[in-house]
Amino acid sequence: MSRIPVAILGATGAVGQRFLQLLAEHPLFEVVEVAASDRSAGKAYREACVWRLPGAPPAGVAGLTVSTTEAPFRSRLLFSGLDSSVAGEVEAALAAKGHAVVSNSRNHRMDPDVPLLIPEVNADHLDALGAQRRRTGGGYIVTNPNCSVVGLAMALAPLHRAFGVEAAAVVTLQALSGAGYPGVASLDVVDNVIPFIGGGEEEKIESEPRKILGHFEDGGFVAAAMTISASVHRVAVSDGHTMAILVRLAKPASPGDAAAALASFRGEPQERRLPSAPERPIHVLDAADRPQPRLDRDRENGMAVSVGRIRPDGLFHLRLEALVHNTIRGAAGAAILNAELLQARGLLP
Amino acid sequence: MSRIPVAILGATGAVGQRFLQLLAEHPLFEVVEVAASDRSAGKAYREACVWRLPGAPPAGVAGLTVSTTEAPFRSRLLFSGLDSSVAGEVEAALAAKGHAVVSNSRNHRMDPDVPLLIPEVNADHLDALGAQRRRTGGGYIVTNPNCSVVGLAMALAPLHRAFGVEAAAVVTLQALSGAGYPGVASLDVVDNVIPFIGGGEEEKIESEPRKILGHFEDGGFVAAAMTISASVHRVAVSDGHTMAILVRLAKPASPGDAAAALASFRGEPQERRLPSAPERPIHVLDAADRPQPRLDRDRENGMAVSVGRIRPDGLFHLRLEALVHNTIRGAAGAAILNAELLQARGLLP
Amino acid sequence: MSRIPVAILGATGAVGQRFLQLLAEHPLFEVVEVAASDRSAGKAYREACVWRLPGAPPAGVAGLTVSTTEAPFRSRLLFSGLDSSVAGEVEAALAAKGHAVVSNSRNHRMDPDVPLLIPEVNADHLDALGAQRRRTGGGYIVTNPNCSVVGLAMALAPLHRAFGVEAAAVVTLQALSGAGYPGVASLDVVDNVIPFIGGGEEEKIESEPRKILGHFEDGGFVAAAMTISASVHRVAVSDGHTMAILVRLAKPASPGDAAAALASFRGEPQERRLPSAPERPIHVLDAADRPQPRLDRDRENGMAVSVGRIRPDGLFHLRLEALVHNTIRGAAGAAILNAELLQARGLLP
Amino acid sequence: MSRIPVAILGATGAVGQRFLQLLAEHPLFEVVEVAASDRSAGKAYREACVWRLPGAPPAGVAGLTVSTTEAPFRSRLLFSGLDSSVAGEVEAALAAKGHAVVSNSRNHRMDPDVPLLIPEVNADHLDALGAQRRRTGGGYIVTNPNCSVVGLAMALAPLHRAFGVEAAAVVTLQALSGAGYPGVASLDVVDNVIPFIGGGEEEKIESEPRKILGHFEDGGFVAAAMTISASVHRVAVSDGHTMAILVRLAKPASPGDAAAALASFRGEPQERRLPSAPERPIHVLDAADRPQPRLDRDRENGMAVSVGRIRPDGLFHLRLEALVHNTIRGAAGAAILNAELLQARGLLP
């Protein structure tokens, strides 16, 4: 059976490279087009791109000629890793042309008819696509959350379902790859920590989970009634965002109850056995000193979130540590799983 | 004028080495005795010690012969950087012999007549020495807090005085030197974070500040009525503990009011112009991405705590980032400042 | 077809863990026994071992009970990752009992009838097994080289065959995992380099390649007539030894000729298609800034050596950079490939 | 006595910041002017500059208004930390206007009448200034070497004087600050090594020492007759270049003889007691694992070069490890020492 042709927008960037790596042997999707900025357009991908992942670009992609994002795409499904400085307009234009744009960019995440999707958590948000497609004339945009938010929302979702999350304070220790390439200067992280990330990182972490954990009803998104406080840090880790999370619950739960809710969490990707779906979306780790980025970020090919140190808290009800592979489950892998769900539901154009 | 002779207990360890470094040219104190474990005893210091600080051991100390901690000490003032596995008994025995033991070890910190002292914050706790000396027969123990707690308590103290701190949640990113030497294995921190520190680190951070910010009255310590939640992490930083702190106040304050209270904070060390006292105990930094360990840990020779990113919080009232040099202000330098205050008050035996 | 049962000696150590990881789904060998020090003996492997590799111990091994190395082993084939403090006697005793001991330890590497084997380079050294088995009564020891030496000898072998290597100077930048766990203290490598590695590292690098690149004839090993100078450094890298190598040749060669000789290098593992054999033992990289540990150590599952920056030298004839995954191709993977060759040649007892 | 007014060119860059830091309390020189690119011109220094060194910009400089490099300077002495893309023309123009330009830039280092100066090594090269001043009409340029070359040439100079250096092979492990700011991307150095540095780094290391260790006679520089081979690497170290050096001597020397020659090395800066001169230009370290960047780079305020591991070599005569603080002794501190020598000799205009 032939695979579905797809295009990667922003293919030479950090997220674009992850898209290509993860799709190299994908059972459903085949990368046949790569697009990037004007500077890269017209070159063979292998020349246009400084490949920053281990090894070399996938053989099938290295020889593709890079196009601009204005090019007509024969692929109906487009993955976008575009920089937010251009993603807003480009993605809207492509949706208006009838494409399904599955985007990692932040620009349209909070739009009133655009799903901010984590398939295990809020697959029902795809109901918004009807209204969106009426607006655009057929194409649409589906987004995945900010890389930290994926980890946070996945850790909160089972607790919210079971016990109701009223408030959460999260302090992050984020990996360098989250800033793209070249991103953070090496002198800033050797023997150092930076207690700040630009681009509204804290605001995104405080707002996106409320949309994700909310509902789509009566034609609109209703945000979850919870308050989130985020304090972010950049640390000398290549991949893997670590988060200390404090949670206040509507219905207090013991660490054991919380662990059970987290470990048993499953969603539509698991039911449908989507190709990129982890068997267990959340790995609950018992060891006192886990999760750790270098040891746990690659669980289930980087698609599982790890949670550990679930313990009572004197101020909130519970505290725990969560870890997400920020460029896989937190970015390119998230978008691919979104597209797999769209395909399984028959929503691809 | 001749300097006061002092001995360093645990002189070959990480904290012991900092004592020697900081006392190398001290105007009041002169290291004339060094003590360590039986394994080192009898050797010249330069042979007994693998010096882990930049450069070489101070010339005046390198030739001293290391004694055991059971040796009779001619110095009346003893600085202790002993490991907690032995500090408890050794320090008590030496106090019973009439020595002033100024200790960085945790063993006696919470004792009911032992001051847990930060001279800028709770110099009045020295009132406990009267009872303690009656108990011991003349000698005494004065302790400084856990390395993280020094930073936390100094950041909270001005806010507590001005606005009343009801609760604080702190998430730490702690330096490797806090674990001593060899301490943390390098494989555990390269491209990694460890969300755990043994030895009851979180418990110390949750309890010690309450004693420090409390009062000594009617012959006993009354802990401050505040709740603290601590979540600790080890990161690949040599020196300098970074902390994200959320604070709930009895009397809500704006970030500007908090910054003013922090920046203007002064105490007895500043009034008395103690040799190791920073001019400004707390440096309030305006830049959006500060404090950072590599850039800010050495402010005022490592004796100032840096605070930045003071901003409102959706869950608590305020949040901020604090940084303390864990082996200077958070350990050896803290003890030396304690001894300077004892000397200035005429409390040295 | 059933797999060959094998035991891992030193199974809880750093090399032992790599053995278990690499053998988890091996087509020929199945780990059925694990042995370690007396301290671990009697415990289930999952309890005896602090697993330091990503994820968790292989399911099939986690429940095995750890034995001592004195235990009788039902496996005829034993992989040894024993510490050199005990490997010498233990391995000799097990060979005397008839086992094939495929060892990563250094103790017997230079023995006059023990092959120091890199299957692509000196498979003919297995001719020494005849004499060795006569001596032991049937069992034998086969060793693989020091982790740096594997990379060096594999980079030199094609040049030696084609042009004759008269001398080589190598300066290494070695990974932390080479020192085992806990190994190097984190404070020693953060913002630092250590220009020294104990245990005779430089001597091993200067002597082992001469045996490897020599011949076995008339019942003995004849070392290659070349001089090697080694200067070693430890750097803050988890896995992957980088080496700058200067080479003097008997028959001068251009960088292009050298690159061709390296890239086309193949040996018996490739001919026999051994399960762990890389398709191309040496990857010659064109980019000016490669090889790099993080990007290139995992080529061909860590079994390929990467070489780059081949260029003329003003003092020697050529210089180049080589990279080897020190715990895979340089240790456990090397031993496994050795065992695969033994099996293919019908030399397993 | 009033200090000599000086200007810093390229004052906002990495080297410019070191100039300001080192000159903050200099006994001879006072920074009264700061110049940088057009982008910074017109702003107060504190606003124009993102200060990357610990603490804050010196108080006396923070309020200076940044000028362009075309501005007329009232200072006769100018320190240049300009980027090499502009330094060539700017420095020549300023020398033509009568200024003494003491430069860290590479552009004029190999000019036939420009001293490439290390005051301890080749103070006689200042004889070239006569010819240069006749050419320019009065002003002149004096340069210091590449940051690695300072360490290499200082380590070779005593050996060259005593025994004659015929050849040297050097392999460097260079710090991140050598690439300026932002310089190397953090993702390129976390858990990694880069075996390459652009901008002709290896060529500079192979050529500059020959000029430095040569003579000025009959109106021209005569390069030393030695061959140097350089292989460079970037490692995750903030400051401090480490070098493994192999040396072939005209007159073979034992490690002890070499150590004696290195340890006793002194020059004109020591005789004249120049303010920035280290008491001992070369610290010979006995410990088997030294020098190390974090522990040894700051010896004598970063102005001493450390040498260790002096040992015989099988290919060359000797090998050793050297360490230089690349932004102090290898850049800004080098230039300041050059200016101090010019002042002491009465050569300042």
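Observations on the structure shown:
Letters A, B, C and D name the chains as they come in the text, with residue numbers starting at 1 for each one.
Here is the rule we use: a contact is a pair of C-beta atoms (placed from the backbone, for glycine too) under 8 Å apart; a residue touches a chain by one contact, two chains touch by 3 or more.
Just so it is clear, the structure is predicted and the values come from calculations on it, not from any experiment.
The equivalent interface to A-B, defined as the listed pair sharing over half of its contact pairs by residue number with it, is C-D out of B-D, C-D or A-C. The two sequence copies chain B and chain D touch through a face in which the numbers common to both exceed half of the numbers used overall. Here the spacing of chain C and chain D, counted between their Cα centres, is 42 Å.
Taking each chain's centre as the mean of its C-alpha atoms, chain B lies 40 Å from chain D. Chain A and chain D have Cα centroids separated by 47 Å. The multi-chain contact residues of chain C, meaning those touching 2 or more other chains, are 52, 188, 190-191, 236-238, 294-295.
The residues of chain A lying in touch with chain B in their complex are 167, 169, 171, 173, 188, 190-196, 206, 227-229, 231, 233, 235-238, 242, 244, 246, 288-295, 308-309, 313-316, 319, 321. Partner chain D is touched in their complex by these residues of chain A: 52, 176-177, 181-191, 236-238. Across the complex, chain D is touched by residues 52-55, 190-191, 238, 294-299 of chain B.
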